[in-house]
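Both complexes below contain chain A, partnered by chain B and then by chain C.
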Partner chain A sequence: MTDVILEKVGKTYPNGYHAIPSVDLTIEEGEFIVLVGPSGCGKSTLLRMVAGLESISTGELRIRSERMNEKEPAERDIAMVFQNYALYPHMSVYDNMAYGLKNRGMPKDQIAEKVSDVAAMLGLTELLQRKPRQLSGGQRQRVAMGRAMVRDPKVFLFDEPLSNLDAKLRVQMRVEIRQLQRKLGTTTLYVTHDQVEAMTLADRLVVLNKGKAEQIGTPMDLYNKPATPFVAAFIGSPSMNLIDANLTEQGIKLSEALTLPLSHQHRGGIVWEFVQSTWK
Partner chain B sequence: MTVTFPQKSLPWLLLLPQLLITAIFFLWPAEQALEQAFYQEDAFGLSREFVGLENFLDLFTDPLYYQSILTTLVFSFSVAIVGMSLALLLAVMADRVIRGKLAYQTLLIWPYAVAPALAGVLWWILFDPSMGPIALWLKSAGVDWNHYLDGNQAMILVVIASTWKQISYNFLFFLAGLQAVPRSLIEAAAIDGASPFKRFWTIVFPLLSPTTFFLLVVNLVYAFFETFGVIDATTKGGPGQSTTTLVYKVFDDGFVGLDLGGSAAQSVVLMAIVGLMTVIQFRFIERKVQYS
Partner chain C sequence: MIENRPWLTFASHATLFTGIALVALPVWLALVASTHPASAFGVGHIPLWFGDAGAETWGTVLFEKAGNGVDTPVWFMMLNSLIMALGITFGKIAISLLSAYAIVFFRFPFRNLCFWVIFMTLMLPVEVRIVPTYEVVANLDLLNSYTGLTLPLIASATATFLFRQCFLSIPGELVEAARMDGAGPWRFFFDILLPLSRTNIAALFVILFIYGWNQYLWPLLITTDDAYYTLVMSIKRMLSVTDGDIAWNQIMATTLLAMLPPVAVVIGMQKLFVKGLVDSEK
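Take a look at the complex of A and B:
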């Protein structure tokens, strides 16, 4: 079942800046989609448009086949984890997690049950009475996730949630996020600039460059068959070698002395596959 | 940072101007007042007599003095609460303005630059019962405005005039406080289903509480001690004693009533209050609530 559909979604700012020309994306239910790209590529903007924190200039956003463009963030049944966690500093962990439920008018005893369930799942039970400032970075991160999880939203949105953690914790939380998402089966849209994070977490990746989706596919697709030089250079560490060459009748001419024969047909001016044995 | 001077005389020399000002305009008069408070002096200052604590006893058995304390409390809390509420409202609105933001903010800050006496005269003219535009408008609306006769109206007038000047100051602090609230918190609350009104009262306002407390103390100090000019220019403490605050009473009893001893005793009491408030201010504001 398709869950989230972005149809020719574009963003133009009032000052005329064309941040996102047009993005098409269909997300299946329970899928983990990662938006990845360099800073300023529009990945956060796209996420915020799905959240309803930025208006959608052109195109249509549908969640469970319902048009969302004009809906307030609260009416979209989404939950978001922010880069700086955005925990309410004057509220305890419990109140942070209960806030969204209270606003929706859930009875007190149900809220308590819900919060303690999620807290147990995330190992936060001992910390429920603490204030955010008394927590470590990793614990804050968990609270932010707990706050998103208690509401059982249709879609999770993550905006670079791990970038404020140290390297070791980041790897650990990465695994945990993936496990939780599998367990809950909630459709997830995740923004990161870290390609390792993107490759390890995603069911499918969207590589964005200057507001354009360069390629959408599984991590292995992107790794083995990058659709554009940008994707080829962006994915992989150390990054893929790119060599300028001319396409001739005889094959790919790297220099006067070296011409590589083509494996099969060539497309356009760019050739992606060549027989490895020719190197020998 | 510590700076070490090679010889002892240079730091004293650098401190000298400030020390002189403090000595001439604060320490000396304070000492004089303290001494004066124990003497009774004739109106011409030709002779005086040591009376011990009699001035203080007179003061604390004088119903007019208690009346003045009450007036001061009513006046100060009115100024603080009205001034802070309006400033917060203006700051919230100015924070939302996108076009011409700077122009609004500049205009809102201007009244702070107006001298207290001028502010007093300005409002005195606007509210003058026979020719003030606001007074005439009130009359046409059926309100019989005459702050020369009606004590409550006189109080309203001095509160308005004093508040008007202080709103700018409050506004600046509230605006800075609002701008320091992270946008992502508001956005998180929006996703959590809180209406704009609820977002303000459950997220923004609690985060402003350190600012609010700081402003409360500053406003009370302002209303207590710095509104002499406004009151003198508008009501001169009248009608009757209805707008005679403690500070105005010091002036009135000393320089109009020529009871220098009693006036000095009141000054000593005020000095104690200032000291107390300064301690409160430093105690609480120095360790302002820190959110991280």
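Take a look at the complex of A and C:
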């Protein structure tokens, strides 16, 4: 079942900056979608439009076939984990997690049950009475995730949630996020600029470049069959070598001296696909 | 600096004690003076040790009448002062919290204009606009009333600025997280904003309470009825007796009493006050 549909979604900021021309994306239920791309390519913008924190200038966003463009963030049944966690500093871990439920008018005992369930799942039970400033970075990250999870949202949104953690913890949290997501089966949209994170987490990747989706596909698809030179250069480390060439009747002309015939199979595989895409 | 030189310790303590003595001396003199009979001051020297008329003077001043032409007891004027000071304090805090909230978190037409209009009131303290303000208050029939005492002093830009700075330092992600959690404008204000500016509010409370308590010119101008006299202004009244001796002992006792509430507020809220001025826990 399709869960989230972005149809020709575009964004023009009030200052006239055209951040995202038009993006089409269909997300299946339970899918883990990662948005990657260089800094400033519009990943956060796209995510925030889904969240409802930025207005959608053109196109339509549907979650479970319901139009969301005009809905408030709280009415979209989504939860977001922010880069700097954005925990309420004056509230205990428990209150941080309970706040959203309280605002929805859920009865107290039900809230307590929910929070303690999620806290147990994330190993936060001991920390429920602490204030955010008494927690380590990793623990804060967990609380932020807990706050998103207690609400049983239809969609999780993550904006570079691990970028403030050290390398080792990042790997550990990555695994944990993926496991939790599998267990809960919640559709997830995840922004990162770290390719390793992107390749390991994603069911499907969206590579963004200047607000355009260059390619949408599984990690292996993107790695083996990049659709554009941008994707080819962006994915992989060290990155792929790119050589300018001309396609002529004789074959692929790399320079005056060197022309590769088109039937040159043993090198041709990758080069040919690449050339195909540039030719288009 | 970790140094352990005995003479340095001695010198610094000596300096401190001298400072304390200098500052405390007038208070001490006032205290001593209030325990002597009024006649003791006519002879030209100031007593340095307690006399024996203390209980009588303090009793009269506090519960019967302050003397020197002021016929209301100090406790009553203290109550008036308290009502005025607290009215000004809470009024100012409430108004400036709300206006700062509007300016920082809402996008409405002429937002900048509003900001600058508020800013301009900084240049118009009561003393500057006293004649027109008096006119307005008189026309509204607010002379000799608590409303008249407090209202014209409440609108102020300083506190608005303080809260504006405080609100601006709240990270945008926090505001967005609250939005995702379904907190509307009022919920956000009461659940997030107020608790986060708690220490600022406390610091401002101290400053504004003292400001309100020490108001002199405005109450002097608009109260003619004993029932609304405030403590600070009536000290001046007590000094301007035309006939006979000034009863300094009564004046000193009244003055000391007038000092007490601000001192109590400062001491009581010291911790929060300092925290509010240096705090950056956000």
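Here are some notes:
One rule holds in what follows: the second predicted complex is superposed on the first by the 261 of 280 C-alpha atoms of A that agree within 3 Å, B and C clash if a C-alpha of one lies under 4 Å from a C-alpha of the other, contacts with A are read in each partner's own complex, and residues count from 1 in each chain.
The rule we apply is simple: a residue touches a chain if its C-beta (ideal position, glycine included) is under 8 Å from a C-beta of that chain, and two chains touch if they have at least 3 such contacts.
No experiment lies behind these values; they were computed from the predicted model shown.
On the superposed chain A, the positions of chain B and chain C overlap enough to count as a clash.
In the superposition on chain A, contact is made by A:104 with both chain B and chain C. Within the superposed three-chain model, A:223 lies out of touch with both chain B and chain C [touch as defined at top]. Of the two partner chains placed by the overlay, chain B and chain C both lie in contact with A:84. Contacts of chain A with chain B, set against its contacts with chain C after fitting on chain A, overlap at residues 51, 53, 72-74, 78-80, 82-84, 86, 88-90, 99-100, 103-104, 133, 147. Against chain C, the residues of chain A that register as touching in their complex are 51, 53, 72-74, 78-80, 82-90, 99-100, 103-104, 133, 147. Contact residues of chain C toward chain A in the complex are 171, 173-174, 176-183, 187, 191-192, 195-196, 198, 281-282.
By the touch rule above, chain B contacts chain A in their complex via residues 182, 184-185, 187-194, 198, 202-203, 206-207, 209, 290-292.
Residues 51-53, 72-74, 78-80, 82-84, 86, 88-90, 99-100, 103-104, 132-133, 147 of chain A are the ones that touch chain B when the two sit in their complex.
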